[in-house]
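One chain, chain A, appears in both complexes that follow, with chain B as partner in the first and chain C in the second.
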Partner chain A sequence: MIKTTFKRIFLIALCVMLPFIAYSEDGSFRMRAHQLDITSDTEEDVDAEIRFGKTISARILGQFPVFEDEKLNHYVNLVGKSLALNSNRDDIEFRFSVLDAQFINAYSAPGGYIFITKGAIDAMQDESELAAVLAHEVAHITEKHIVKEFKIKGTEKSATAGVSRLLGSSKSSAQALFSQAVDNAVNKLLDKGFKQKDELDSDRVALLLLANTGYDPSALSRYLKRIKKSTKKEKKPKHKATHPPTTKRIDTLKQISKLENLDNLKFPKAKSRFEQHVKK
Partner chain B sequence: MKKLSILLALIMSAPMVVSAEEFIYVMSARAKILSSPAFGSTTVKHVLKGEKLVSVDKNNNWYKVKLDDKTGWLSRLSVSYHPPMKRKRRMASVDKKLQNNSRRRASSVSTTAAIRGLQNIDRSRASSKEVMDFASLEKMEAIEVADTEVFAFMDGIKD
Partner chain C sequence: MLKNKNLITIFFLLLTISSHSIFADQYHYNNILIGNRAAGLAGSYVAISDDPSGLYYNPSGIVYAASSNITANMNAYNIGRTKYVAALKTSTGKNVDWIRTSSALVPNFFGITQPLGPGTIGFSYAITDSLLEEQSQSFNNILQNGTKYTINFNNQDVTNNVGPSYAVSIGDNFSIGLTLYAYFRTQERIFNQIYQLPNDGKEFIYNAGETNETSIEQAPFFIANQYLSRSEYGVKPIFGMSYTPFSKLSLGLSVSQVFLLSSTIKQQDSSASNICVDDAGVRARCEETQPAEFFLLNQTFTTEPSFPWQINVGGAYFYSNRLMLTANAWIYEAVNLSDRPLVNVAGGLEFYITGKFAIRMGAYTNLANTPKLVPNADNIHNEHLDIIGSTLSFTHFTRSSAISIGAAGTYGRGKAQVTDSTNIQDVEYMGMSVFLSASNSF
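And now, the complex of A and B:
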């Protein structure tokens, strides 16, 4: 009797769970897990994120000067903000700046601060490629990769949380904790790089963001293929080693594009507008 | 036993029944409601940040929403279960605090270097990664681009 009862319970449970299990088969389980945030940030959390991001950004700008071209910076802001206005984070102001460096890379700090090197722009052929690289960085911020890893919260009392408290404190120990968290985050952004799963997650969100904004979603893999070819013979400087192997990214992008039905979309590349604004 | 099985099945399937219809909020500044759950399909309507919609179905990254006399689909990129916050602008008071902190930080780096007996050249190398450029950050934040200009720019995305 007991055996039969358990059997029945197990069968019912299996039937109920089946749709969820089947859903994970196409690899989209992870997407489902964070499709919509079930927790909500408080005003203090967002303030803390911006403060943390500002400090990191000041450090990035301490390493690399800004490329002094007002028109180019304005254009990059227009492309970046187009993506940002289509993202799910309108609670922060996204800001974009071109760095005067010839290597190819881009960085994002919490709170909406995004940097792209002039070298990265020089390797692009159209506006959709610029949008693709910026979309990848916007995605790191919308998915809160740094915020989650460093547990940046406005009020919680953990090692790096309570940024407001740390920042407002005159105690040197509190300031040291805040500075240490900033040191680790800067080190991660400039040298070690994001976790591979976070990079691939950003690629996935970037594709959706491009399509949502109206840009050709295949621009990201097109750009990656080109820079892979051009940087093949070069010895990689430290700043370039912040992403998973390009081949792996291109393969994953192919899978995502198929899964999200983005393969046959005929979205614009906006080549002529790019050529009007970017002088090489 | 039969009753117990039915009761158990009802309890376990309850969350699915409840989640069939729910409220969602538009998070992006402006979002497109499409005729089917696929990018590239026809735009039915534009909705603005903060609008509260009733979602009646889900399909992977898409939410089916009720409109007055029809339905449409919204990308998950544009929505949340929570109402959006107002956009945060510049926080001038925070800038001052951060800059003061960075000055204290620079001074503590010099003190540590002195204690460790580093020469001037070694000190500059030790602190090169600590350099903060708040002036450039302020210039970056000073670039003002109105949403209306961005929307007009977006409408000009073409080959």
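And now, the complex of A and C:
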């Protein structure tokens, strides 16, 4: 009798909650006042971001060696750093490297580490296209897509945080979690790719960055259209599964260009300078 | 010869039953508050559960954690005092209280959560019950003038739960989670009692016929000792659900039970006395030629205690990002000791004074799972002590950490039978826990 009553209470409670499953709630009401107080990054956060990005970069370079052409790497760095000067991240130093790989791709790790494959450069026709791809990667870093997703934060130096770590036995836990986060981030960059939302966000920022630096803003669309044609017959890379379709990216770029009044800008493509530095 | 032979018989009974009537607090289900935020809210946490202590209260809640990776740790210092009013009576008719104290520093929770696949994985270690009970008392003139009765009692009883959890969201406002705890309880109890009667001048001969034969005057006495060691192993799954029927309101439900795999008790009872029993079964002073009586019993046996199904249900109303109210009810199935389900309740309030300081307070019940006592010559009843408690804690936050300090005060009143089956004593309990806890996010 009592057991039946007990089971009945459980079943009634279960039935009461089921109809509510369809209701959608973002859960923001759970945020407490101390969580709302977190606003800007601290120096420790930036240090953590750089340390995280450096570890990821080492993993990437473990898979793909740097393309042995000092002049090309220097040139890519000059183009990249000119873009970085116009970004909102003056707290980190951007570094650009060409990877010795023939497929078309580019990667960015937190802290300012950007890689582009030789294959991607070979598919370009001018410097504005190189700047466009680099600007897209710079945007992933300025918008902190990886940092936000993996919630990379610095170690606090306050007395409260110190005592808290001591009581919470958190040092070894933090180290283990850091290693796991690096594994997941490398997997994301090399395999899964960024979220569609983040890719479109980076395209938008890249477009503005190109225009602010003085490159032809249509370069990104041109490049995407070209690689779309060239990769049509190739096997679809695995990470593309999560990327937005190239057509959607091109359409979105068109909309942003119109919205930001970038359509009629006659900024240089720097084709001849590109051809001087890049041997195909 | 003693004036009253029956006195000895009565006291033997006292020695026997008192050793069984009071020990580990198995008569309550809500003995220790777990977790940083949860303890401040008097354990009313099933509808929140969004930090590692949620792995214990309702594992489904950890999917709502604000940070991906969190660790939490809690240490508590518990003190308690139980007074059995007028448990003993002196020869002059004066009532004497029986007092037991308990104190223990318990690192009682550690937990960690982090995202894994589509959900959140966690691991936690929780001490859900811990007792370090002591009694060291001497009483004069119990039952007869000139007697001295001494008790030395020590009882350590700890219940541990350790294991993994996993929780996933199903839609935006519903989540489920499961914690699979390995359950183990260890108890070690030592109970020494000495009853000394007035010296009757009788001499006993030792080493009779030997060269070192001696004659020593010895007062009548009883010494009894009991040692008990208990080990229980089992599994305790906790299945939880959280849902949000509408904005600002969160509801939670968890169901759990301990499934016992093994339970062993090793017990040693010994006693010694120079009061002998004659052929007619009458206790009398041993003759000079008789040695003191000695009794020793070693036994190991298995038990099959039943654990109740437990439903933990509650709601939390997030009025604003500064104020939150929560209420909770624990419903326990009737098992062994009681004939009806037991319900404990709790309520809590959280208020942020600033963005860096929060105050939490709450109240809860910890009712006895035993039936109310009635005098019955055939049985000795388990004590029935209903306890209520209140909590207060302060938390200081930084960007990635929080430290809480808090206290819980408890008070209870009830009835018990500590000496014989006909007399019922009033019991009063007062306890205090001070806890210090910390959490970090990465």
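Convention: the second predicted complex is superposed on the first by the 216 of 280 C-alpha atoms of A that agree within 3 Å, B and C clash if a C-alpha of one lies under 4 Å from a C-alpha of the other, contacts with A are read in each partner's own complex, and residues count from 1 in each chain.
Just so it is clear, a contact is a pair of C-beta atoms (placed from the backbone, for glycine too) under 8 Å apart; a residue touches a chain by one contact, two chains touch by 3 or more.
Everything numeric here is computed off the predicted structure, so don't read it as measured data.
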| item | value |
| --- | --- |
| Winner by number of chain A residues touched, once chain B and chain C are compared | B |
| First (chain B), second (chain C), both or neither touched by A:151 | second |
| First, second, both or neither for A:91, with chain B first and chain C second | first |
| Partner chain(s) touched by A:123 [first = chain B, second = chain C, both, neither] | neither |
| Contacts of A:180 with chain B and chain C, given as first, second, both or neither | second |
| Overlap of the chain B and chain C footprints on chain A, listed as residue numbers | 5, 9, 13, 31-32, 35-38, 167-168, 178 |
| Residues of chain A that touch chain C when the two form their complex | 2-3, 5-6, 9-10, 13-14, 17, 20-27, 29-38, 42, 150-151, 153, 156, 158, 160-161, 163-170, 173-174, 177-178, 180 |
| Contacting residues of chain B [partner chain A, same complex] | 1, 4-5, 8-9, 12-13, 16, 24, 27-32, 38-40, 49, 60-61, 75-82, 84-91, 94-95, 97-98, 101-102, 104-105, 108, 129-134, 136-137, 139-141, 143, 145, 147, 149-151, 153-154, 156-159 |
| Residues on chain A engaged by chain B in the complex (per definition of touch) | 4-5, 8-9, 12-13, 15-16, 28, 31-32, 35-38, 40-41, 43, 46-47, 50-51, 54-55, 57-59, 61-63, 65-66, 73-74, 77-79, 81-82, 85-93, 95, 97, 113, 127, 167-168, 172, 175, 178-179, 186, 205, 208-209, 211-215, 217, 260-262, 265-273 |
| Residues on chain C engaged by chain A in the complex (per definition of touch) | 50, 64, 66-69, 71-73, 75, 110, 112, 114, 170-174, 241, 243-248, 250-251, 253, 255, 309, 311, 313, 318, 321-322, 324, 331, 333-334, 340-341, 350, 352, 354-356, 358, 396-403, 436-442 |
